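Both complexes shown next keep chain A, but they swap its partner, so chain B is in the first and chain C is in the second.
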Partner chain A sequence: MSSERIVVIGGGPAGLEAAHCVAELGVPVSLVERSPALGGTPISENYAALTPNFESAEVAMGRMIDRVVEEPGVDVRLESEVTDMDGEAGSFRLTVATGGAETVVEAGAVIVATGFQHFDPGRETQMYGYYEYPDVIALQDLEAMLKVHDVVRPSNGKPPERICFVQCVGSRDRRIGNEYCSKVCCGVASKEAIEVRQQLPDCKVFIFYIDMRMYGYWENEIYWPAQEQYHVQYVKGIITEVLQKGDKLLVRGEDTTMGRPMEVPMDMVVLSVGMEPSQGTRTVAKTLGIEQNKYGFIAASAPPLDTVSTSRPGIFACGAALGPADLEDTVSSAAAAAAKAVRLVRRRRVAVAAS
Partner chain B sequence: MATASALLKLDAAAGFDDVSYEEKARLFDEVRADLRYPEYLYGCYECGICVAACPSARFYDFSPRRIAQAAAREDVELVYQQMQEDIWECSQCFSCLRCPRGNNPGGVITIMREVAVNNGLASARQALEGYSRIIYKIMSTGTQVSPDMLQPDAFPDWGPEVKDVSDNLALWRKALPPETLHTTSTGWDVDPRTLTELYVIWFETGALEMIKEVDEGLYTILEEIMEERLEEEGITP
Partner chain C sequence: MPVGGRKQAPDAVEHERATVTSTVSGKEWELPGMWNRMFEQRVIWDYTTDGFEKIASLAGGESLEWCYGCAKCVPVCPVDLVGEYGPRKIHRKVQTGLDLFTSDDLWLCTTCANCLRVCPKEVDMIQIMPAVREVAVGEGRIPAELQEVFEKTFRYGNALGENPRRRHGWTRDAGVPVRVLPSEPGPVDVLFYVEDYWSYHPRGQDAARAFARILASLGVDYGILGAEEKTIGDSQRLAGERGLFEALMEDVVATLVHYEFKRIVTPDPHGFNALVKEYPKRGHTYEVLHYTQLLAPLVDRIEWRKELDLTVTFHDPCYLGRHNGEYDAPRRLLEAIPGVRLVEMGRCRENGYCCGGGGGGMWLDGFTANHTSERLSERRVREAVESGADVLAVCCPYEVSRFEDGAKSTGNDGLKVRDIVELIDEAMGGAERA
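Then we have the complex of A and B:
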């Protein structure tokens, strides 16, 4: 039986935006979120401030959450997962498991907003000693410190005097298999570098990179201020290894533009880990029977001009479930997915009424 | 006896004495304290457009990019090394102004040179050594190259004509239509009032003082000449 309801899977920035858009267009929506809380990765991974505008992640995501839960047309299901689906565009039947209980939700269209997870530097090899040295951390670990204004060396609890970021960890790497650029890490690392300089003005901050990818306005919203106002040092050259030397970490690499090898002591090393498809993205893609690309992200069926349709009619995807995306792209694709999903259920309503 | 390690020091091998890190940091701070500095250096992409435009980079191991980079990275050691070497390879043509970030590496070099001169760095002395005659001429007469400096022994490649000209230099100069050019020991006839004003400028701006750090002898001569004239004019510098 045809249904006008739209099911959104995932309660992060993409899912919240999609659910809100669908509800605003007057279509009933069910938002299915696996964890006990809405807000997605920015909340679960303790992001301090959002890139690029430095607004508190809790405040910004809180606003998105409020918009959704206050909308009468939205049925939010926390701690819930879609475990099965049949039917076709216009008349899907989804099995939603909440705790031990299963319910069937009828939907005309589905929007997948299951997002990404941070690359694990210990996934295959012990890259840069992430699990070996306490002072080697990742972007999200530093976010958590910045959030509570307590940036200290995990090894001794003292504020660092020298911090470096290592870019492209788990991205742009044929051996690891993630050949893509994760898009956001240059901006996020630079944003965090600025925050470190704000919170610890005496701490020197270095960013070791392959290419700085600061698209569009991020250039003069983050990159230029980081260099010009906060004197963050950008060095083109990727660190090959991190070694322990006394109570310091020695990073080894090449200063390519100066044409010299370098061995620099650091108090903390921050790995700018990239994006990988979340477990939810992988599972949901299989459950719904939609194609994934070679990296496990959901494949858009007709790029570049249709970024949200998938291989199965009636199922749309948005945000970082489709691949690395910043927040701006995430909410944009979420709104596009909502528009396409609503169009689909409305057309069917017109068709049903006419018959 | 000099120890082997002292002889092997890289800086000494490059032709200048090493100094303490604190002294290098002080010199860099002096560069950064210059009022022009914030407008000459923003941040560096390390893109190399300045090097591509730089005529000196074609002939020397010189790179305006490295100048901007070293300063932007606050690399005290490298900035010092550049003040002892690289900055004197710049021709100050400012082709590097085409920087997309609005940097002015040539301008940073201007400041670094001034700091090098003001602090009597060995490189500044060495770089200005060959110019003592010209500095003397400019500061004492207000004109740069005078006809009597262009002698055949200095310029053998100019051919036989130059000997004929220099033998009868005064006559040749008289043949020039403007009267102000009927001179041999100055480029043109300098008005006494202009010269007095120039001397006041050299004193007041500290330009004369700059010479003191790099060429004490030249400074003494110039100071004497200037003070004498200013005394005649009733001016106490």
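Then we have the complex of A and C:
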């Protein structure tokens, strides 16, 4: 039996935007989220402020969450997972498991918004020593410190005097298998660098990079202010390895401008980890039977002009489930997915009424 | 550990030494490996960013830190082509602890402005270098040969240390009368500001005489200041002696106030630059022309007597071209000379190569030679020869002597170096006609 309901899987920025759009268009929506809370990675990973505008992640995501939970047309199901699906576009039947209980939800279309996870630096092929040295951390670890205004060296609890970011960790790497650019890390690292300079004005901040990839306005909104107003030192040439020297970390690389090897002592090293498909993205793709690309992200079926349709009619994907995406990309594709899903169920309703 | 990600320390087993026992010999072998390299002694090349703060605190110094390393400046920096100096490298060296205030690099920039022309971030070496040099000069850290020129300028009012009373000595052999305003007062249309090298350098004097004959032939109403003229001193300013420049400006303005003229014409693009850009900042505004700008509109009135049959290439002075945007007036003059075929060098106009004389470079040849594989003027002479020209034409008083030296030292004696006015004068019949 055909259904007008749309199921959105994932309660992060993409899922919240998609659910809100669908509801505002007057179509009933079920939002299925595996964890006990909405908000997605910005909340669960303790992001301090959003890139590029520095708004508090909690405030910004709180606004998105409120919009959805206050919408009467949205049926929010926390701690729930889609475990099975059959049917076809217009008349899907999804099995949703909540705790021990299973219910069947009928839906005309499904929007997958299952997002990404941070690359695990334990898998990198350089020698950055993430699990070996306490003072080597990742972007999201620093986010958590920035959030509570307590940027300190994990090894001794003291504020760092010199801190550096190492870009492209887990991205653009054939040996790791992630050949793609994760797109957001240059901006996020620069944003965090600015926050460090704001919170610890005496701390020197360096960013080692292959090439700074600041898309569009991020160049003038983040990169140039970081350099020109906050005196963040950008250094071309990526770090090869991190070594311990006394109570410092030595970062080793090439001084590409002068063409010679370089070693610099740091108090903290922040690895700018990239994006990988979340476990949820991998699982849901299999459950729903939609194609994934070689990296495990959900494959858009007709790029570049259709970014949200998948290999299975009636199922759309959005946000970082499709690949590396910043928040601007994420909400844009979420709205696109909502529009296409609503169009599909409405067309069917018109067709049914006419027959 | 107050981290909010999922980081958990793994159970690590750390060995003091890693060895493996050979199954053949039973001997223990040390394993070379990452853990092992970690304990090697290494030279730490530390760096600090304090240099940027110190430079940014100077007026005009803030943009050095803006460099994002795109490297566009490298192929256009004239010094980078013959040495290790380069704008991007200066940024990087300061980032890695260089004290620019005490570094030899400070004196290598000729302020030619080609890096600024191509820089997307507007890193402005034309302001940075003089600002830092000013501090170095104040602290007495300055190459001796440059210090000597500053002293001569201070004492005699000219960079060559010549007797101020002989400033108009060149007029004697001009073949035409030259009005020296202090002894022949009265209003004139044009104040001919001769500047140092046309006043004193023998080859500059040749050009000054040629220019006087051209002005006479065209009936231009002009005069010179004679012994009352002092250098404008713009290159001294860019080399770090702003105080000297300001003092000279006071003297120059105090002199000019005694004379009635409509416009100032000078052969020196450096003095021209200061009169156009620096003097107005202190409220001294004059109508100022480079001599090519005076002559170009009059070129149709010139009576030519002779066809020269020369292939000529033209070197754009940095301070006339890039700094002040005048590329056409000199070319208009050259193209008007009967028998002159103008050919361009690969680097010309906006991308013109620097002769090495700007920003104090004129007086740092000995110092610079220790840091470069050849002089910029020598490199430029080679380009002129490659262009197929018989004559390298110039219109900056620094250049005739620089390029004639370069032609000799590179074994290109066949290349003649001529100021544009010398070519015009020759085609007008020269001294014989006058």
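Simple rule for what comes next: the second predicted complex is superposed on the first by the 351 of 355 C-alpha atoms of A that agree within 3 Å, B and C clash if a C-alpha of one lies under 4 Å from a C-alpha of the other, contacts with A are read in each partner's own complex, and residues count from 1 in each chain.
The working rule: a contact is a pair of C-beta atoms (placed from the backbone, for glycine too) under 8 Å apart; a residue touches a chain by one contact, two chains touch by 3 or more.
Keep in mind that what you see is a predicted model, and the values were worked out from it rather than measured.
Engineer: Overlay done on chain A, so just call it for chain B and chain C: clash or fit.
Structural biologist: Once chain A is superposed (C-alpha atoms), there is a clash between chain B and chain C.
Engineer: Quick check for you: in the superposed arrangement, does A:F208 touch first (chain B), second (chain C), both or neither?
Structural biologist: neither
Engineer: Of chain B and chain C, which one touches more residues of chain A?
Structural biologist: C
Engineer: Under the stated touch criterion, which partner chain does A:M262 make contact with: chain B (first), chain C (second), both, or neither?
Structural biologist: second
Engineer: Is A:E228 in contact with chain B, with chain C, with both, or with neither (first, second, both, neither)?
Structural biologist: Both chain B and chain C are touched by A:E228.
Engineer: Once the shared chain is lined up, is A:K147 touching chain B (first), chain C (second), both, or neither of them?
Structural biologist: After superposition on chain A, A:K147 lies in contact with chain C alone.
Engineer: Which of the two partners, first being chain B and second being chain C, lies in contact with A:Y130: first, second, both, or neither?
Structural biologist: second
Engineer: In the overlay, one of 127-135, 271-279, 289-297 or 325-333 from chain C clashes with chain B and the rest don't. Which one?
Structural biologist: 127-135
Engineer: Please identify the positions on chain A that touch both chain B and chain C, taking each partner from its own complex.
Structural biologist: 223-224, 227-228, 231, 233-236, 257-258
Engineer: Within the complex, which stretch of chain A touches chain B?
Structural biologist: Touch residues, chain A against chain B: 223-224, 227-228, 231, 233-236, 257-258.
Engineer: Which residues of chain C touch chain A in the complex?
Structural biologist: Chain C reaches chain A through residues 1-5, 7-10, 12, 34, 37-38, 42-49, 52-53, 65-66, 68-69, 88-89, 92-93, 95-96, 121.
Engineer: For the complex, which residues does chain A have touching chain C?
Structural biologist: 45-46, 118, 122, 127, 130-132, 134, 137-138, 140-141, 143-145, 147-148, 150, 152, 154, 204, 212, 223-224, 227-228, 231, 233-236, 241, 243-245, 250, 255, 257-258, 262-265
Engineer: Write out the stretch or stretches of chain B touching chain A in their complex.
Structural biologist: Chain B residues touching chain A: 42-44, 46, 65-66, 69, 72-74, 101.
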